Amino acid sequence: MISIQKYEKVQSLEQAFELNQGKKNRIIGGMMWLNMGHTKVNTAIDISGLGLNTIEETDEEFIIGAMVTLRQLEQHESLNSFTSDSVKNAVKDIVGVQFRNMATIGGSLWGRFGFSDLLTVFLAMDSYVELYPTGIVSLKEFSEMKRDNSILVNLIVKKTPIKICYSAMRAQRTDFPVLACATSFVNGEYRAVIGARPAKAKVVLDNEGILDSGITEETATKFAEYVAANIVTGSNNRGGAKYRKHLALVLTMRNIMKLGGDRND
Amino acid sequence: MEHKEYKSINKSVRKKDAMQLLLGKPVYTEDIVPDNALVVKLLRSPHANAIVKTINTKAAKLVPGVVDVYTWEDVPQSRFTNAGQTYPEPSPYDRLIIDRHVRFSGDVVAIVAAENEKAASKAVSLIKVEYDVLEPVLDFRTAKDNKILVHPEDNWVAPCEVGGSNKRNLVASEENTHGDVDSVMADCDIVLDRTYHMKAYNQAMMETFRTYTTLDRYGRLHVISSTQIVFHVRRILSHALGIPKNMIRVEKPRIGGGFGAKQSAISEVYPAFVTIKTGRPAMIIFTREESQIAGSPRHEMEVRVKLGADKTGKIRVLDLYTLSNSGAYGEHGPTTVGLSGHKSIPMYTGSLEAFRFNFDVVYTNTMAAGAYRGYGATQGIFAVETTVNELAEMLNIDPTEIRNMNMLKEGMIMPAYYNELAAACALDKCLEHCKEMFEWDKKYPVRDMGNGKVRTAGMAMAMQGSSISNVDVGSATVKLTEDGTYMLLIGAADMGTGCDTILAQMVAECMDCSVDDVAVFGADTDASPYDSGSYASSTTYLTGKAVEKACAELKTKMCSIAADILGCDSEEMIFEEGLIRRINTEQTVSMREIGVKAQVSNTKSAESSVSHSSPVSPPPFMVGMVEIELDRLTGEVTIIDYMAVVDCGIPINPALARIQAEGGIVQGIGHTLMENVTNDASGRPIESSFMQYKVPTRLDMGNLKVEFEHSYEPTGPFGAKSIGEIVINTPGPALAHAIYRATGVWHRELPITPEQIAMTKSSKE
Amino acid sequence: MIEITINLNGKKISDRIEADTLLIDFLRSHNCLSVKRGCETTNCGLCTVLMDDTPILSCSMLAARAAGHTVYTLEGLQEEASSFVGFIADQGADQCGFCNPGFVMNTIALLRENPDPTDDEIRAFLAGNLCRCSGYEGQLRGIRNYLNSLKEQ
C-alpha cells in the first residue's frame, strides 16, 4: 500500500518540476496501482489542474495532453480515423472501462512499461513527446531515455500520412498482452513495433527493403522473419521467449498483410 | 419426465435477498463491523520450510496504536484442523494457531492487533525474525517417503484411520479393487495408459476471507464470519482456543462467494484469539494476495488412468491411481481424493467388468489445499473423460456413440459407487438432448475458417453426489407465527447460491402458502438447528428433505392445536389448501387462528425441528459440449458456444439451477484455458493477485446455454438431487477434446495455454 | 491532514483526511458501504463509483483528488438502479451479490452513455467487472430483458 505524506495540486509546470526534484516526491498520473507495492512518497504532485486533459487537433498534428485518459483516446474519432482505429484497438482490451477512464497517456508512456500497448502503437507513428523543461524529443528517443525528473507534458502525433495496424495476443481478454505488435508505413518506411517482449517495445525498420517490391504473402513472411530475428524476447509467467518470437512473426506477418490490403484499396 | 404440478417447486422465484444485494445494502461481514474493532494483520513466512529461531516484537509493539503482537510462544500447543468436516474429522490435526515450524511460504509467524490498519501494517513490517531455513519438499511427486518431513512433530494426530503417516509425508492412502483388473486388462484389445495433471486453482470468490469477533453480553465469543460452516467453525475454534463450545456463537451474514474456500476456517482463529486475549472486538480482512497465497485452493492432482477396451469401443476396465497434493496441511486431503475415482469410474457402469482405484495424498511445503467445488471429482473426470474421448477418436467412433455404448443407465447398481442404485439417472437423455440442442453433428467436424483458424467441438459427461452418505446432517426448524406466516430456521449457509430461497419454496409447497409467507433465517449456531453446513452438494438434497419432514411434523402439530380450538379429536383434522379442515364438515381453522391459539393457554408448540441424514448420495448428471475456434498460429482458443444439459432430479428453482450451471461452467473454462498456478523457487504462487491470476471476464466465455432433463430422485425432497458442484466438471475434458480435434494434440495438463497449443506439434504432422 | 469537500450523492460532505486516503475508504467511512474492495490491482471492478458521471475505480483514486468533484455511489442512485436490477434478480444472477454494486454502477454508466447497446457492447463495457458466481450470461439476459421491456412499453 502506498504511503503519501503530502498532497500538492500544482498551479504550473514550473511548480511541478521544482517539487519533482525532491527524491521521494512523485508526479501522479492516473494513479493506477496505488495499492501495489509499498512505495513511500513524500509529496504527491497532482498535475490534474494544468489543463493537460485534452486532445488538440491542428492541420499538422494531434497534441495529446499527458492527463488524457485511455478512454478519451479510445473514443476520439478523428485520431482513430487517422490511425485506422489502431489506437482504439490498442486500448480497448486494457482491464476495463473504469480503468481506462483513469489511466492516462502520460502515466502509461512515462513508465516505459514493457507491457504497454500504448507505447507500442504510438512508436509506430510519427510521434513525439514534449518534456518540461527538456523540450520535444521523438517518442523513440524518449522510450530509450532513462527516467529523470522532467515532466511529460504532451504526446504529439504528426499527421504524416500513415497506414497502420495493431494487434496483440492476450491469454485472457483484459490481461496484459503476451505480445503486442504494431506495423505501419509512414515517411516512406515500413515499421514493426514489438511490445511486451516482455521488455519495452522495440522498433524494427525494413532496412533491407524486403517490402520494397510490394506486399505479398512471401515478402510479408520474409519481413516478419526479419523482425522476429531482430528482437530479443524473454520469458515470464505469460509466455516463454520462444513463443514470443513465434508470435512476433505471426502477428507481424498478419499485420503487414492487412497493411497491404489497405494499400490496394 | 412427467412429474406432479407444483405451486412453488420447479418455479423460478427471485432470491429472497436479491434486491438487498443488487441495491448494495450493507449485509456483509465488513459492513457490520463497529468502528472500534481492532484490526488484525498477520506476518507471514517468506520461506517454504523454516524454524523461527528468534522473533523480536519490541519495535512492533512500540508503534502507536498497536495493542499487542503474538508469536508461537503465546498460543495453545494442541493441534487441530481447519477443515470443516463432520466429527471425527478425516483431516489430520496438524495445525497450531502459530507454529514455530513454518511449512509454506505464507504460513503465519505472528499476529498483530492494532487500533487501525496503518499501525497494524507498520507493526508487521517491524517484527524481526531470524529463521533457520530448511530445505523444502516442493514437488508432490517426490514427497512420499522423502527424507524431508513436512510434519516431523510427535503430536500429529489423525482422528480417523485413513492410511496416513506424518513420518512418510502421507496424509492418506487407500486401495480399492472390484473384479480381476489385471486379467481383464490383459484380455483387452486396447489399453490406454495416460497421466493427467490439474493444478491448485483458487476459488477466487469476490469477497476474500474475513471474520469479526467480539464478546457478547454473557462474555461468550461471538464470531461473525464469511463461512459456509457455522457449526464446524464453532468446533474448530473450540479445539484451537481450548474453550467450551457453548461459550462460542458463530453466525454468518451474507457471504461474497465461497465455492468451498470457506469450508475451512481460514481466517476465524486469528481475530478470535485476539478477542480472547484482549477482550476487545477484532476483525481480519484478508487481502486478495493473502487469499491467493494462503487460502484453501483445489488439491493439485496427478491422475493416472489405465483404460482397457475392446475394438468395438466397449470399455471393460478402468484402473486409476491418484496422487494428491495436500500442501503444508492436511485439510480435506483424505476426502477430496476419493471423489477422483468414486465420481468418475461409475459413469461407465454400463460396461465395466472390473476397476481399481488407488491413491496417495501427500504433504509438501506449498500452500495447503482445501475444498473447491467439484472436490476431486473435477480432477478424476478430466482424466477419465479425456481418456474416453481419446479412445473414441482412436477407434473413429463418434464420442457420443461411445458414451451410449458404455454409460450408466437408470436402475443399474454402481459397484464403483458403494454399490448404490442409480434410482434417478437421465444421463442418456442429457446426452441426447445436448447433442440435438448443440447440433453436435454439424459442429463436431473440423472446419477450416481460413487464416490458420479452425472450428470444431468437444464433449464430456460428469457426475457428482448429493451430500455425504451416512455422515452429513441437514436440519430445519419451521415455525408458525401468529399471523399465519412461517419462519424457517436453517444452519445451512446461503453463499449466494440461493438455498434460503429454494428451502422457502419447499416450505411454501408443503404448507400451501406463498413463498413470500416464508421468512428464512440462517445461519447462527445459537439459533439454527444443527446442520453440517453448505458443502458436498448437500443443502438442496439433505436440508431440503429436513424441511419437507419438518413441515409434515408441523402439520400434525397444527392439526392438534386446531382440534383443541374446535374441541374435537386431532385424528379428525386434515391439512388442506393452507387450512385445517375437520373431515366431513365445513369447519375449518385458519393458520392465523392456530398461530394465535399457540400463544394463548396452549401446551403444544407450533414449531417443528427435524434433522435428516441419508444412507445414499444420489448423483446428479451432466453433459457438456463446446464449440471453439482455434488459431493454430497463435494458439488462441475462442469459445463460440458452451451448451450443457443437467439432470439434477427436479430443479427446485430452474433459474437458480441454471445460474449455478453457468457459473460453474465459466469457472471450469477459467481453469482449462487461463487460470494458471506456477510457483517461485520457494513454492509461493506467482499468480498471487488478480493481475496475475486471470479469472475469465465476460469476454472469455462465449455463449452459454443450459437446459435440464428431469429425473425423480425418490430420496430427495420433491425428487431433487444436487446442482452446485457437478457443473464445474465438464469444461476441462470437453475443451481438451476440442483442442485435440483442432490440433491433433492431447493436452493432459491444465491449463492448456495458447503457448502450449501453438508450440506443441502434433505427432501426426 | 487535508480539508476536502466532495459532493457525495447530492450532498456536500466536508472532512479532514490524510494525503493518502483512498476514495474507497473515504466513501465507506461516510456510510457508502455498497462500495466493495475485491483486489489490490485494479482488476475486479467492485469499487466502481461515478465521478463527474464517469465510472472509475475508487480504490485507485486519492480522496484528495476527488475534492471538488461530484461522486455517486449506489446509495445515491437507488431509483435509477431499481429500474433495471429486478430483471437481473429474475434471472437469479445477483448470486453472492458482492460484485453487484460495482456491476450495477457500471451498468448505469453504460445505459446513460448508450441507451440501446448490443450484447457485444454490453460485454465490452462491463468487461472490467468480474463476477465469479454467475457466469455472466444471466447478468446479460437480465439487462437484455430490461431493454426489451423498454421497447415493449
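Labels for the chains are A, B and C, by order of writing; each one numbers its residues from 1.
In this section, a contact is a pair of C-beta atoms (placed from the backbone, for glycine too) under 8 Å apart; a residue touches a chain by one contact, two chains touch by 3 or more.
Just so it is clear, the model here is predicted, and its values are computed rather than measured.
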{"item": "Contact distance in steps, from chain A to chain C", "value": "1"}
{"item": "Higher-contact pair (C-beta pairs counted), B-C versus A-B", "value": "B-C"}
{"item": "Distance between the centres, which are taken as Cα means, of chain C and chain B, whole angstrom", "value": "29"}
{"item": "Inter-chain centre distance, chain A versus chain B - centres from mean C-alpha coordinates, in Å", "value": "43"}
{"item": "Chain B residues counted as touching two or more neighbouring chains", "value": "689, 691, 697, 699"}
{"item": "Junction residues of chain C - those touching two or more other chains", "value": "40-43, 124, 126-129"}
{"item": "For chain A, residues that touch 2 or more chains besides their own", "value": "1, 36, 173-174"}
{"item": "Residues of chain C that touch chain A when the two form their complex", "value": "2, 18-20, 22, 40-43, 45, 48, 54-57, 59-62, 64-65, 106, 109, 124-129"}
{"item": "Contact set on chain A toward chain B in their complex", "value": "1, 36, 38, 169, 171-176, 178, 237, 239-240, 242-243, 246-247, 250-251, 254"}
{"item": "Touch list for chain C against partner chain B, complex", "value": "33-34, 36, 38-44, 46, 73-75, 78, 81-82, 85-86, 88-101, 104, 123-124, 126-140"}
{"item": "Chain B to chain C touching residues, read off their complex", "value": "12, 14-15, 17-28, 31, 203-208, 254-259, 287-289, 495-498, 653, 655-656, 658-659, 661-667, 689-691, 695, 697-699, 701, 703-704"}
{"item": "Residues on chain B engaged by chain A in the complex (per definition of touch)", "value": "121, 125, 451-452, 633-636, 673-674, 676, 678, 686-687, 689, 691-692, 694, 696-697, 699-700, 753-755, 758-759"}
